[in-house]
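As structure tokens, here come the structures.
In what comes next, chain A is part of two complexes: it sits with chain B in the first one and with chain C in the second one.
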Partner chain A sequence: MPSNITVVKVRGVLMVTMPADPDDSTIGELQDKALESMEQHGASALVLDITAVDTVDSFFARTISETAQMVGLMGGRTVVAGMQPAVAITATQLGLTFRLVETALSVDRALDIVSEKGERGRAP
Partner chain B sequence: MGKGKRAPSGDNEGTHLQDRSSSDLMEILVQNISDYAIVLLDLEGRVISWNPAAERLKGYTADEILGQSFTAFYTAEDIESGKPHRELKMTADEGRFEDEAWRVKKDGTRFWANVVFTPLRDKAGRLRGYGKVTRDLTERRLAEERIRKQAQEILEMSTVPVVQVWEGVVLVPLIGTLDSARTQQLMERLLQRVTETGSPVAVIDITGVPAIDTQTAQHLIETIRAVRLVGADVVLTGVRPSIAQTLVHLNIDLANVITRSSLSAGLLMALEVLGLSVVPKTA
Partner chain C sequence: MNPSLYQMVSIGGEGDIVAARRAVREAAQAVGFGLTDTTRIVTAASELARNICKYAGAGVMHVRHVERDDRAGLELDFVDKGPGIEDLEKAMEEGFSTSGGLGLGLPGSKRLMDEMDVRSTAGRGTTVSVRKWLRS
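Let's turn to the complex of A and B:
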């Protein structure tokens, strides 16, 4: 089955770029791949780039929150980067929560947050 | 008035208006009036008189339209629902009928019209036909629409301005209360600005918010949540004693929000979040 999710290790941190309009199986794959990589590399954080994502639903939010919890149990932080304004508005209006997830304006800033450059992490 | 288009006879050239007969004077008025299409209809609604303004407005020449039914000016939906003859009946019954509605020109384009029907009766009181005066209000309607939109834009801009006060800091000085519509505007404009400029801090100043009711407080929380989701911090400033009291009494959770009582304290906080501080110039 062709894979939509690639996990890359960048400076001790795991990075995943979400494709636009991810279906449920892709979102599920994200969780599996993220945890696999955490085990393999023992990274200190997972950065999820959602710049391309223009709609989210409760399944997406729930899966991300769960993944963050699991990554947390394995010793890592989770940062969601680049959420689009429209997505943020919809998520807020639908009451979707992203537990244990920090947020960043861009992947660049996300890397700053998780590295020792020490920008304070931001929980939504 | 005579049937069809008939200009006053040329051999009266040079005669003062006041020397003309009253029927001539009425004819001159009808022929010269520019804004009103003045049309006479017989009892069945066929056109028996047409003035130049009617030709300009509706596109038909007198030759083309005389003897035709006035339903030609109505939209297909109106004709289907029997509106034209209903209006004639109401005219006869009430002595007058006025309406603002869409009408159709010869080329099929629509225009927004004000139409007044008058029953025409002879000395014995018998109905002989109808007078119809039509005014084109399309321009006015478009202008009104434009003004309304501009007013709304101005209102939106002046009540929800988003200002970049420093590199990385945007400021929203809120005025008034937050209903759902304004919150939507606020969220859209604020989030747009934050992501566009990559500003990690948004300062929301509520000095101009007179009283904070539950609705406004909830909308404010929503907005703050959305800003945090895109990756920026929020500093809420202008929290006056009365507002502080209300927020606590309403049990509003501002756990993840930095709050300050004054805008200046809030701006200092914003700079601190960015790792900046304000120091005096060395002499």
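Let's turn to the complex of A and C:
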């Protein structure tokens, strides 16, 4: 099966870019690949780029939260970057919470966050 | 009926949820919804299509352009012949789920849309209809 998820390591941080409209198997693959790569590369953080994503439903949100929790248990941080305004409005009204997930306006800001040792911004 | 105003998508598995989302996105844009409302409608469709997969295994989604009092809107009907919803009142409660999910599907989708009707008969199936109207 061709993979839809690419994991790139940049300066000790794993970067994963999600496609615009990922199906359930792609979302499941995100979790497997992210955890595998954390171990393989000894990464300290996972940056999940959702700039292109135009729909986040409860299944996707739950997978992101679970992945963040698992990455946390492995000693890493997870930052979700680039949520579109329409997606943020919809996610809030739907009631999604993104527990244990840090967020950033862009990938650039996410990399700033994970390179700072101190302050940890968190999704409400 | 004008085929551009009506579409049916069969939902037989989780792979069809993406097809359902695409059909709804196109229809919402055709009605004239902006990006935020389109995102709301597509997300509600994703939740309700997934409910069909989770609880009934298979079903169909009907997508219709509708009009009422000179306002245009979009109606989505999710129809399955699954086990039905045992306690509809509970199913509409935030955080209630019989599947180990987040329990956001029905109440969350209702918030994203303007109207929601749920008809369900135990052992016969469930129909969830949602509508969103263009703001004039």
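Here, the second predicted complex is superposed on the first by the 117 of 124 C-alpha atoms of A that agree within 3 Å, B and C clash if a C-alpha of one lies under 4 Å from a C-alpha of the other, contacts with A are read in each partner's own complex, and residues count from 1 in each chain.
By definition in this document, contacts are C-beta pairs under 8 Å (C-beta built on N, C-alpha and C of every residue); 3 or more make two chains touch, one makes a residue touch a chain.
Note that the coordinates shown come from a computational prediction; the quantities given were computed from them, not determined experimentally.
Engineer: For the overlay on chain A, clash or fit between chain B and chain C?
Structural biologist: Superposition check on chain A shows chain B and chain C fit without a clash.
Engineer: According to the stated criteria, A:Q93 is in contact with first (chain B), second (chain C), both, or neither; which is it?
Structural biologist: both
Engineer: A:N4 in the overlay: touching chain B, chain C, both, or neither? Say first, second, both or neither.
Structural biologist: It touches nothing on chain B or chain C.
Engineer: Quick test of understanding: once the structures are aligned on A, what is the angle at the Cα centre of chain A formed with chain B and chain C, as a multiple of 10 degrees?
Structural biologist: Between chain B and chain C, as viewed from chain A: 40 degrees.
Engineer: By the touch definition at the top of the document, which applies to A:P85: first (chain B), second (chain C), both, or neither?
Structural biologist: both
Engineer: Touching A:S44, do we find chain B (first), chain C (second), both, or neither?
Structural biologist: It touches nothing on chain B or chain C.
Engineer: Mind working out whether A:T63 is in touch with chain B, chain C, both or neither, as first, second, both or neither?
Structural biologist: neither
Engineer: Contact-wise, after the overlay, does A:S115 reach chain B, chain C, both or neither (first, second, both, neither)?
Structural biologist: Once the two structures are laid over each other on A, A:S115 reaches no partner at all.
Engineer: Of the two partner chains, chain B (first) and chain C (second), which one does A:Q31 touch, if any: first, second, both, or neither?
Structural biologist: neither
Engineer: Looking at the overlay, does A:L105 come into contact with chain B only (first), chain C only (second), both, or neither?
Structural biologist: first
Engineer: Between chain B and chain C, what is the shortest CA distance in the superposition, whole Å?
Structural biologist: 7
Engineer: Taking the two structures together, which residues of chain A meet both chain B and chain C?
Structural biologist: 84-85, 87, 89, 91, 93.
Engineer: Residue numbers of chain A touching chain C in their complex, please.
Structural biologist: On the chain A side, the touching residues are 21, 23-25, 54-59, 61-62, 84-87, 89-91, 93-96.
Engineer: Using the touch definition up top, name the residues of chain A that touch chain B in the complex.
Structural biologist: 80-85, 87-89, 91-93, 98, 103-106, 109, 119-120, 122-124
Engineer: Residue numbers of chain C touching chain A in their complex, please.
Structural biologist: Against chain A, the touching part of chain C is residues 14-15, 17-18, 21-22, 25, 35-36, 38-40, 42-43, 46-47, 50, 94, 101-102, 104-105, 107-109, 111-112.
Engineer: For chain B, which residues are in contact with chain A within the complex?
Structural biologist: Touch residues, chain B against chain A: 184, 187-188, 191-192, 194-195, 198-200, 222-223, 225-233, 256, 273, 275.
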